[in-house]
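Listed after this line are the structures, all set down as structure tokens.
Look at the two complexes coming up: chain A is in both, with chain B in one and chain C in the other.
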Partner chain A sequence: MKNYLLSPKFMRSALPGVSLAILLMAIFYTQPRAMSYFGLNLMLQYTVPIALATIAQMFILTVNDLDLSIGPFVGLTACIGATLLQTDPVFGVMALLACIAAYAGLGALIHWRNLPSIVVTLGMSFVWLGIAVLILPTPGGTAPAWIKAIMGFKVTFQLFGYNVVPPFPVFAAAIIAIVVHLGLMRSSYGVVLRGAGGNPRAISRAGWSMLKIKMTMFALAGLFGVLAGLSLIGLTSAADAHIADRYTLYSIAGVILGGGEFVGGRVSPAGAVIGAMTLTLAGSFLIFLRISPDWQVGAQGGILILVLALRALINWREAR
Partner chain B sequence: MTGNLAGILRKLGDKPWIWSYLGMILIWLATVTYTMGQGGGSIISAALSFATFTVIVGIGQMFVITTGPGNVDLSIPATIALSGAICMKVMDGSNAMLPVGVLIALGTGIAVGAFNYMLIRVLRIPPIIATLSASFLILSTAIAYGRGLKIKPPPLLADFTTMKIAGIPLLAVFIIVFAILASILLNRTLYGRSVLAIGQNMRAAWLAGINVERIRYATYTLSAILAGFCGLLLAGFSGGASLDMGSEYLLASIAVVVIGGTSVAGGKSNIPGIWGASLFMFLLVTMLNTFGASAGIRLIMTGLIIVAVITVAGGDKQQR
Partner chain C sequence: MMFKKTLIAAAAVGLTLASGAAQADTSGKKIALSNNYAGNSWRQAMLKSWDKVTSKAVADGIVAEAPAFTTAENQVTEQAAQIQNLILQGYDAIVINAASPDALNGAVKQACDAGIVVVSFDGVVTEPCAWRIAVDFKTMGSIQLDYLAKRMPKGGNVLEIRGLAGVFVDDEISAGIHAGAKKHSQFKIVGSVHGNWAQDVSQKAVAGILPSLPEVKAVVTQGGDGYGAAQAFKAAGRPTPLIIMGNRHDELTWWKEQKDANGYETMSVSIAPGVGTLAFWVAQQILDGAEVPKDMVVPFLQIDQDNLEQNLANTEAGGVANVEYSLDDAKATIAASK
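Our next item is the complex of A and B:
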């Protein structure tokens, strides 16, 4: 048992959860009042959109690509959600479906011409931002009431005769993690999708269409990007073209913090969601520590480096 | 005679940089036709001034990208901001302190390059994440150090960066000479040849006795030093340092490398193309401005052209 707990394999998979737990304890130690239903809800409220964007990025990373446009894309879908979806629901839904189709098309283009995804998505980030600016030139719009209702949902259930009220973000994050975990890690097509990242040649030799796989993964990323945008306006109730610019960095960092690798289809949906939570909490923790706002960005970079350093240490122990 | 001409044309068509120059000329012609010949010369003069800064960081980025898939320096904008802030504060508008400012730009570059490479080598973090996390820390340092920075550059530096002789910016002449030197460095020296060899096949380069790690260290340092100098010159050019003055160079530095005909898969570089692509990018924005396009349309067009260029140029055998 002790050997298992100290094995590099276990330590590597436990690292995301342990980082989150340490961060939570540090927060509760510095600010005990955060340890409440209200406190957790407030600190974690942006977990849902960030977790959805992280999952979107994870799908792209699974097939060895990288999406540098997910932030502006989430911003665009938020703008569509707060304008078209509110005024003309049918047209709004069609616009959102077109966004997902555009993502699938990008996957096809990248596969067909064997293009570097970094450059393509970097270019597309301008396109998304441009469309968002055209739709919503100045911050504003209104989120549809039903989205706000979903994001403000209060979950209650009975456990040992007590009413249990988990903070909604935690509940939603758990649902996201479980759904994606079942789809990508437990289903047989999920194994093929991940295999496409591990050994594309073997997968295509076995008769699977790499084009179809890339399009599926990009379309899934588009879908989760749309969900991230909608859940974001459910919280802010208005939108802005630049509302989610930081999400590109958050999503990459979230996947990596959650134990995902850049190549080889080694990803973890549960880890990615935990990574997104860690990033959200890191922001609150820095505020509680009264770190000057100047160093907020830097401290997030520092936390990222620290976790990656720990992982490097574990891998180094394994290699020895 | 005609066969000879066709031969010359075919030879030119083989040069990947020719397309950026052709595109640049076409766009300039379109703009000048629209204005009916008004301001054709001043557009070129302005393009030379502004493209200079993109070329400086573009060359550094090119060396990094040449070392192989996955290598990219995302810390360039933060380094520009940091170097600009420290230089302006230390020089405090005095001509006598100019040599110190140059040393600081150099020192900032060396420090950032060493830090980036330490993350990549010691912690084995993929370069994208390493330079990204480093850029958070660098930017925070710049923010904390340069708070409320409103210092004019030394008059000598301001004059040097803005001086024009017969409409031709002096700085552009220097950077054209620098580009030629960089071309010699790339194609004629042991260092440049090693960079190309590593980009083509890192293992083969290592087996051939090239000190792969030392070359990569030198390359990341070179990129950071060029970003440092860009910060100094840009602060002089725009009458003082600002914290977001580097932000547009994240995409620009990568875009000009790709549009200029350098392979993203590494091992194949092109310096003339960087000048062509930088002028192309500036003239494109000028053209859209002249045509009266809104900010949204400008963003969409810029993005679509980058994606179109990479699609036409096509990918190589490897991705990322």
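Our next item is the complex of A and C:
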């Protein structure tokens, strides 16, 4: 048992959870008020869209690509959600489906012409932003009431005779993690999808279409990008073309923090969700500590480097 | 020494009591500033003014604390998270210069629901539960034409320098200028360029359009562009028209030089960065139980020929002319909006 707990494999998978727990304890210590239903709800609320965007990024990373356009894409879907989806639901849904199809098309293009995904998605980030500005030239719009209702949902269930009320963001994050985990880590097609990142040649020799795999992964990323945009306007109640610009880097950092790797199809859905939470909480923690804003971004980066250094240390032990 | 301190403390208590209950009510209250951006001279001056006025208010025991929080990048999601953290920290009021008029409404509503007073200024929010100290940008544009009409009853050709394309403020000021030109029909706007509120960009833009223009009598501006326009006219060898200034230090300095050399006359108008301190006092008044209308308008800071020297002396090199507001100013603004 002790050997298992100290094994690099266990330590690596436990690292995201442990860093989140340490950060939570530090927050509760500096700001005891945060240790309540209301507090957790407030602090973690914005993790839902970030977690969804992180999952989207994770799908792309699984097939050894990188998506530099997920932030503006989430911004675009938020703008569609706050305008078209509200005024003309049918047209709005079609627009969102077109977005997902566009993502699948990108996957096909990248595979077909063997293009570097970084260049293609960087270019597309300006396209998404441009369309978003066309749809919503000045910040505004209104989120459909049903989205707001979902995001403001209060979950209650009975456990050993007690009424349990988990904060909605925690509940939503758990659902996202479990659904994606079952789909990607436990299903047989999920294994193929991950294998496409680990050893693409072996997968295509075995008769699987790499084109289909890339399109599936990019479409899934598009789907989760749409969900991220919709959940975001459910919280803010209005949209702005620039609302999610930072999500690009947040999502990459979230996947890596959660134990994912840039190559090799080595990802963890649960880890990615935890990574997204860690990133958001790191921001809150620094505000509670009253660190000057000039240093905050740097300090956030410092927390990231610290966690990654720990992981490098574990990997190094494993290699030895 | 100890005795002396006690005496001072006793005197302070006496003074507070003497000045009435109006101040005692907010002495335990905490007011936070949530600011979305600090990357230009105007915002830097705004933060400095906030610090100066609020630290005095804290020292005087009017409020318990009033720290300023700025988000690292001008991002809606970051500021929303910042507001939520401020709610958690138990502030009684939050003063906001918002990154977006609509997209922060969710967080603002949560603050209101938690019983927190939210006062927005400059970048105002549309959430109905918050107070707004808005800038009347349209009037800022139209008063320029009113001034021109007074100075040049005969009218003439006018060149317009606009701000950053696609920004709400630029559209509003420009709409005001065009409304003013319609009212005073003797003026004709013969050209519009985008100067991005920066002297170097304005100079280039004006230099580019000048050869195609007939005689220009006056230049209407949005601030941060008057000096560049003057340089462009000089370089082209054309007579210097009447250029409306925007309270920047370089603009006021140039104006002063011209005034001393040849009696050049103009006016300068912009919003004082100290408007943040006005929002602070308004928040304090609301916490104090005063009845305050939800929508107020910021007074402009206008500089004229006779108070130019005084304003120039008070403006830092590279900065913007500023005033810090007092409690009485806030009361006057509140009364004027009722």
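Annotations for the structure displayed:
The working rule: the second predicted complex is superposed on the first by the 320 of 320 C-alpha atoms of A that agree within 3 Å, B and C clash if a C-alpha of one lies under 4 Å from a C-alpha of the other, contacts with A are read in each partner's own complex, and residues count from 1 in each chain.
The rule we apply is simple: a residue touches a chain if its C-beta (ideal position, glycine included) is under 8 Å from a C-beta of that chain, and two chains touch if they have at least 3 such contacts.
Treat the numbers as computed from the prediction; the structure is a model and nothing was measured.
Per the definitions stated earlier, placing chain B and chain C onto a shared chain A by superposition produces no clash, and the two fit side by side.
In the superposed model, A:239 lies in contact with chain C only, and not with chain B.
Look at A:296: by the touch rule set out above, it reaches both chain B and chain C. When the two complexes are overlaid on their common chain A, residue A:283 makes contact with chain C while staying clear of chain B.
By the touch criterion defined above, A:137 reaches both chain B and chain C. Of the two partner chains placed around the shared chain by superposition, neither chain B nor chain C is touched by A:264. In the overlay built on the shared chain, the residue A:183 is in contact with neither chain B nor chain C. Shared-chain residue A:309: touches chain B; no touch with chain C. Of the two partner chains placed by the overlay, only chain B lies in contact with A:64; chain C stays clear of it. Figure legend note: chain B and chain C, brought together by superposition on chain A, show a least Cα distance of 5 Å. Annotation: chain A residues 133, 137, 294, 296-297 touch chain B in one complex and chain C in the other. If you check the complex, the residues on chain A that touch chain B are 64-66, 109, 113-120, 122-134, 137, 249, 252-253, 256, 262-263, 292, 294-302, 304-305, 308-309, 312, 315.
Put simply, chain B touches chain A in their complex at residues 69-70, 72, 119, 122-126, 128-129, 132-137, 139-141, 143-144, 147, 251, 254-255, 258, 264-265, 294-307, 310-311, 314-317, 319-320. Only residues 31, 33-34, 38-39, 42-43, 45-46, 49, 133, 137-141, 232, 235-240, 242-247, 280, 283-284, 287-288, 290, 293-294, 296-297 of chain A touch chain C when the two sit together in their complex. Contacts from chain C toward chain A in the complex involve residues 38, 67, 69-73, 75-78, 80-82, 84-90, 99-107, 109-110, 114, 166, 168.
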